[in-house]
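In the two assemblies presented below, chain A is common to both, partnered first by chain B and then by chain C.
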Partner chain A sequence: MREAVLRLRYRFWPDHLLGEILSKRWTETAIPVIVLLIVAVAFTRAIPGFLSPASLADTARQAAEIGFVVLGMALVIVVGGIDLSVGSIFALTDFCALFCLDVLELPVPAVVVITIAFGALLGAVNGFLIGYLRLRAFITTLITLIIYRSAYDLLLFDYSNTIAAAFPDTPLWNFMGGGDILGVPSVAVLYGIVAIFGHVFMTRLRPGWHITAIGGSRRSAYNSGIPVRATIARCYAASGALTAVGALFFAARLGTVGGDVGVGLEVTVLTAAVLGGISLGGGRGSVARALVGTLIVLLITNGLTTLSVRGGVNRMVLAGILLVAATIDIRWLKNRNRIIAKVYVSPTFHEMPRLQPVGVGSNVPFVQNDRLSGVSLIGLGRIEAPEDVILDRHDNLYAGSRHGDIIRFFPPDYEKMEVYAHIGGQPLGMAFDRSDNLYVCIGGMGLYRITPDRKVEKATDETNRSLRSVNDDSRLRLADDLDIADDGRIFFSEATVRYEMHEWPVDGLEARGNGRIVCYDPRNGTTRTVLRGLKFPNGICVERGSQSILFAETWGCCVKRYWFDGPKTGQVEMVMENLPGFPDNINLASDGNYWLAMVGMRSPALDLAWRMPGFRRRMAKRVPIDEWLFPNINTGCVLRFNSKGEVLETYWDLAGVNHPMITSMREHKGYLYLGGIQNNRIGRLKLDGADPGFVQYDRRWGKGT
Partner chain B sequence: MKPLRITQQGIVFSIFVVLFAGFAVFLPGFLTTSNMLTLLQNVAVLGILGLAMAIVVIGRGIDLSLIAALAVPPGVVLQLVQDGHSLSYALLLAALLTLAFGLVNGWLIAYAEVPSLFATLASGLFLAGLGQAALFKLDVVQWSPGLEGFEGLGQGAVLGIPMPIVMFVGACIVVAIFLRRTRFGAFIYAIGDNPFAARSSGIPTRPLIVLQYVLAALIGMLAGLVLAASVNSMPTRIYNSTLIYDVILVVVLGGIGLAGGRGGVLNVVIGTLLIGTMLNAMTIMDVSYSGQNLVKGVVLLAAVIADSFLNPRNEETAQQGDI
Partner chain C sequence: MIATLKAFGDRVLGRGDAAITVPIFDGALKPNQLLAGAETVGQFEDANDIATDGKTLLVVDGGRILSMGDGGSTEIARFDRSVTALCALPRGGIAIALAGEEVRIVGGPEDGRRWVDAGGAPFHAANAICCASDGGLAVTDGSRRYEWAHWTHDLMDRGWSGRVVFLDPRTGAARVGVAGLEYAFGACASGADTLVSESWRHRLLAIGPGDQRRVVLDRLPVYPSRIVAAAGGGFWLTAFAARTQLVEFVLRENAFRRRMMKEIAPEHWIAPRLRSGESFLEPMQGAHLRTMGVLKPWAPPRSYGLVIRLSPQGTPLYSLHSRVDGVNHGIVAAAEFAGFLYLLAKGPGRLLRLALAGIEQELAA
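Now for the complex of A and B:
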């Protein structure tokens, strides 16, 4: 009963989603957004009509004006600087706009162009000083703040009366100040357009990436050839121009110049940027965060003004919210990865039938023997981690190595070896196609192809993204083994979509169906997922008739058949279940049957733990990873089975010296070649009674073609 | 032989000497004893604040809440005395308030790890708001009879030297001893130089950061008391002025890098003297307030640019997040 409830709970409750959602980059913005919601709700309850259309439009107008300045500040902070002079630039450009309009009486488009150019120029001064002369941003913009402000004050002294007396009445100017498009204030519409462009610019375009890279590490950016100085200078110029845009709308809305225009604006803007989650020091920030920060600050200040609290209380509330929000945000960013590490592993219920004994003397096909003791060793100590081995029709032996190479051994004694091809990732399963291309699954990279003239080509590294997955599962993380159908389609297994290659035992701890089988069609270059939800699918072998594949599920301890063609297309049926170990690669045997490698044997402890997901979760949370319960991979065997799933014979290495773990085997001309992902050798065993002329290539693709 | 290194403080000092000499020769009424005393008296408060800022900046922080610490606790003293409490009680309460304020600042920065720029910006805003909302009846807290004798702190004189100057010199000596002669001072330099190395070598960095902000707040309060005593009131609206920028300029211009771990009291003195000389001379020349600021800004910019040419920043050793 209890187990039934447990089974249902783990079947339908998606535990793994929490960790996957938290790993998304956008959750870094979670705290600012929550603060924004709280603030909005609180003020809506406290002030009737706070979110009425009229009030909203007014807020939007101000938000967009300040929003432009915040965007500029965000840009400068992301590049690793700060711009304290925005308030003064705001005042000067506001003056510039009104001066051009009222005193020089220029047409509005000219006013707009001149003002933005003027703002960019003022910013460019900062940019030149900080980018090219490499002054410190804080002190430099502090000085330009003072200089610009005093210049503004001096100009104001001379022209404020002229400007105050003028009443410009042009439709375009009025539209900028008070017009709207479909009820949305004109300035907010423009802000929206700029923000969308800014988002695309920062996340999708090269210059935006350069900016983030410089902010993240200026030295590394410089060393990798990014034009650091020019980029920084441009950011300050852009900040000035954006500030000018904000000031233009401000000028159009209010039409006045006063002594307090832009005073303290740098504090408001800096607050908005930091509150939105743009961290001082650079390299971290987005347009969305700038927007959220702007809205928070504006809602708070507007709300408090509407509540007509005393000036002092207003300040206290603002400061209090700022401090609390910043503190929580910083703690969240700091501990986010730790939380993810704790909740990402989400074990599930996995019930295995009773384990059958395999000990010497028990009367099962699996009974242990010592038939592998007679192996001769190839490449002992010269090769590392040959997960799969394969022979071509000229008797050459190929194996992958941990260093990202495909190693070739030459017949007849396989003493001489060479690096056949360098790929860069760990090669796993391998197969030859009809025209002697060697297809290789590379952990972490995908499916690769080595042509007969040793050219390494990428076949595929992504498949269609499934809609219901939170993690982006389009990239191939752990392509494992493959085989090629008669029509050239390549079926390969991806063991897990939730973990990287070196984390494969953790996937075993989870025991969820995280794996899938993917089909790559070289005829049109498409890659599609054909089966998903498999428990660490591993070995794959195309069956005779080329309508079905046999595949092994390592944590499922079974071998299944998948029909990809013919009358049963799409069906999956069980071939062998309740294996006493963890099945790995499957390959052809000369007598028409199949070889299967067992990478390790099951143990009652893990079987029990698999039925206790809560226990495994506690272990993952509280115990350091090197003390976790892991699947046993110290003992394994090779077995031969027929297409009905009957085990015909087994090969064990009781001494455990040469082949304690076996991940693959390949029959060739009367010998069996053995590979293991943690071995430093390849084994070669003489098979009694096997066809001495058997070559896998000839069997699959026909002799001599 | 040691190669001659031209440092920023050297440049600023030479600018100061040149300006001083120039004014002394060409500006009548500049080089008189009374004007010199006025000059020093005007910049004494700025200099004291500069010392507070220097402690924090050397430890790789910044304290934008200094003006709040300058305005609010002394305002509390005046207000309490006005309400009939004794001066010592008022001073004690104000000191406790300042202490608490410094502790909160330090906790936010050292333990909650909020960037100092942001934490002190907000906490200063909070303290100023608190004063405005709950502590003071008027924006300018007036002098009251209960403060009899206390104005000596701002208006008295020792051996003919006005009290603010004496206080500035005294503060300089105390801070200099603290920074150069005590273990805590050395630790603060270590933290400013490389906080992670300091932490790894066993220095209690967090409590020391708290200490920095507590000291800064207390020194800020002292400056506020001197200011209040000299003008016989506490204009709490000073919080809205740009005084904090002047304080930062004094510190940075004197050669205490914002990256921390460099400089000392001498740098503050040099920075204060330069600013003081310029402002004084321009006042004599009857330059408007904005004009003064403009000139001040341009001179400062020139000094910073000259420094960057003589001591270019090293891209390889520059620290990330050092703005």
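Now for the complex of A and C:
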């Protein structure tokens, strides 16, 4: 009963999504958005008409003005600095605009250009000091804050009356101050355009990437050739220019200069940036976050003002929020990876029928024997991790190695070896196509092809992204075995989409169907996923008749058939279930049946643990991986089975010393060649009664030597 | 209330009692391979204990007691039940435990004296006997719930019913010294005290004349077992299995443990064993993965071979190991005889021998 509840709970509750969602970058934006919604709802309930169209338009006007400044601040923070002088720059550029307009009586376009240039110049002073002279951003901008503010006060003393007395009446200036386009304030429209450009700039353009890179690690950015100093200086100049844009609209809207213009603006802007999720440490931030932060701060200040909270309290609330946001920022940044690592692994309920005994004396087809103890060894100590082995029609033996090579051994004694091709990733399953291209699945890289003249080519490394997956599963993470259909289509398995190759034990701990089968069509270069939700699929083998493939599910301990053509297209049927071990590669046998490698054997303790997801989850958190309960892959066997799934014979190595692990086998001219991913050898076994002329290539592609 | 909340918090966060940390083999316990290279002088089906009376080495093999000589062994006694503990008495004769349920004296002045209970409760898993300095006997009775051979059950059930019983061969009196131990396995006189191994708590206790307990050695990374005095002063402390984080974790996972005990054969439990690597049905841990044909000696030990040399004060001086890649595992008894240290590796059923002089030399090198 309890188990039934457990089964349902793990069947329908997607535990694995939490970790996947948290590891997304956009969760860091999502949290401020939620805060924004809460703030908006709270104030709407407290203040009637808080979000009415008129109020909204007014808010948008202010938001866009401050928003420009926040954009500038965000840029500077992302590049790894801070700009405290924005308030003073805001005041000075506000003065500049009104001075040009009212005193010099320049036309509006000229005013706009001069003001923005002036703002950029003020920012460039910061930029020069911080970027080129490498002064500390905090102290430098604090000083310019004071200097610019003093300058503003002096200028104000001389010209405030003149400016206050002037009433410029130009349509463009009025449009900037109070106009709208389709009901949207002019300033908000411009802000939207700048924000969209800013987003593209930061995420899609080279300078934007440079800025993020410098903020993430200045030294690494320098080492990789990014012009660090110039980029930093430009960011401060841009911050000044953006502040000037905000000030322009502020000047157009209010048309005044006063003692309090821009006072305390840096705190507001800083709060908005940090609250939006722009990390003070640098290197992390986006335009969307700047926008969200601006809106939160503005809603709070406007709301509190409407509620007649005194100015001091207003400021205090803002400062308090800044403190909290900065704390969360620091703590989250420090613990993010740990938290994700803890919640990412999400074991599920995995039940298998009772384990059948295979011990010596038990009367089952699997009964143990010692037929593999006589295996002779090839390349002992000279090859490492040959997951799969294959022979061509000239009797050459190919095997992968963990150094990223395909090694070729030469007949007749397979003593002499050479590096046939270097690929760079761990080669797993291999198959020859009709024109002698060697296709190889490379863990972590995808499907590769080695042409007969030893040229390495990428066949595919991505497939279509599935809509229901949170993780981007388009990139191939662990392609592990393949076979080729008559029409040239290549079917290959990907063991898991949630983990990298060296993390296979974690996938075994989860025992969820994280794997899939993918089809690559070399005729048009397309790659499509054809089957999903498989428990570590492996061992693809095209069946005779070539309308179906056999594949193994390692953690599912079963072999299944999938029809890719013919009347049953798309159907899957069980061929062998409840195997006593973990099936791996499947290959043709000379008598028309199939060989299956069992990479390991089930153990009762693991079977029980697979039915207790909570136990495994806690184990993953508390016990180091070296001490985890693993699938036992130290002992394995080879078996021959027919297309009905009946086991015909088995080959065991009881001592497990000569050839400890078997992940694949290949029959060739009366011998069976054995591969093992943790081995430093290839096994070779003389088969009794096997066809001494059998060459897999010839059988598959109908050619004679 | 607060304690309950704290215990709950510990369980959630894996702190305090819920922490599964195991001390590492360090200092005097630094691993070596001395035990792996020890000479095998005997092979037995069901050896349980060894002892010496100074003239000969006695070995218990199932129900037989053998005297080891130069040319082989001679049987000196035979019983219809397994002998589970053996002690040579200073005034002649031997004291034995039969199937853990009876303590009997054979030979010597008190020949034939027997005890089947103490303090109103029968012996259930008597597993070690030693001679106290006052001429009495101290017997450890491992568990009152599980019989002698089922010590794994007692561990996995978090047993705490072990006791130390003091017997007086002259009067036949029996007195329970301490009870409620988490598996008592091994005793040895140390002056007026009796040293006792409390296996599941990984510690060595000294029990004073007034039955007061004192912790001599705590937080061992192993499950300690029988203790014998060393000729040069001090003791040999055997350890029949080593702790692993996975077992510590399983001990805290009550639901899993109960189902494991109910549904799985004991030899395939996640539990310490005296020998391992015999069947692929045994649970495998990450580091057990044979890579390039090599099993790492530092892998978490399902079975382990260890004997620790203690000073007269009970401080570890050095230790002899047979690590995960070896076979001389499950050391349950030790005896010094004729310049050699004899050890009983119950895992492979071997009697091992190391020259005492050689040990010191090897360790000094």
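The definition used in the following text is that the second predicted complex is superposed on the first by the 673 of 705 C-alpha atoms of A that agree within 3 Å, B and C clash if a C-alpha of one lies under 4 Å from a C-alpha of the other, contacts with A are read in each partner's own complex, and residues count from 1 in each chain.
The criterion applied here is as follows: a contact is a pair of C-beta atoms (placed from the backbone, for glycine too) under 8 Å apart; a residue touches a chain by one contact, two chains touch by 3 or more.
Keep in mind that this is a model prediction, so the values were computed, not measured.
Under the clash rule set out above, the superposition-derived model of chain A with chain B and chain C shows the two partners fitting side by side. Among chain B and chain C, the chain that touches a larger number of residues in chain A is B.
Of the two partner chains, chain C is the only one that A:D626 touches; chain B does not reach it. In the overlay built on the shared chain, the residue A:A609 is in contact with chain C alone; chain B does not reach it. Once the two complexes are overlaid on the shared chain, A:P660 sits against chain C while remaining clear of chain B.
Residue contacts after overlaying the shared chain place A:N634 against chain C, while chain B stays out of touching range. Rounded to the nearest 10, the angle made at the CA centre of chain A by the CA centres of chain B and chain C in the overlaid structures is 90 degrees.
Between chain B and chain C, the minimal CA-CA distance in the chain A superposition rounds to 20 Å. Of the residues of chain A, not a single one touches chain B in one of the two structures and chain C in the other. Chain contact summary for the complex, chain C toward chain A: residues 14, 20, 244-246, 249, 253, 255-256, 259-260, 263-265, 268-270, 279-293, 299-300. Residues of chain A that touch chain C in their complex: 355, 359, 384, 505, 600-601, 603-606, 608-609, 612, 615, 618-619, 621-635, 656-657, 660-661, 678-681. Those residues of chain B whose C-beta lies close enough to touch chain A in the complex are 108, 112-115, 117-119, 121-126, 128-134, 240, 242, 245, 248-249, 252, 257-258, 288-294, 296-298, 300-301, 304-305, 308-309, 312-313, 315-316, 318, 320-323.
Residues of chain A touching chain B in their complex: 80-82, 129, 133-140, 142-147, 149-151, 153-154, 157, 217-219, 222, 264, 267, 270-271, 274, 279-282, 310-320, 322-323, 326-327, 330-331, 334.
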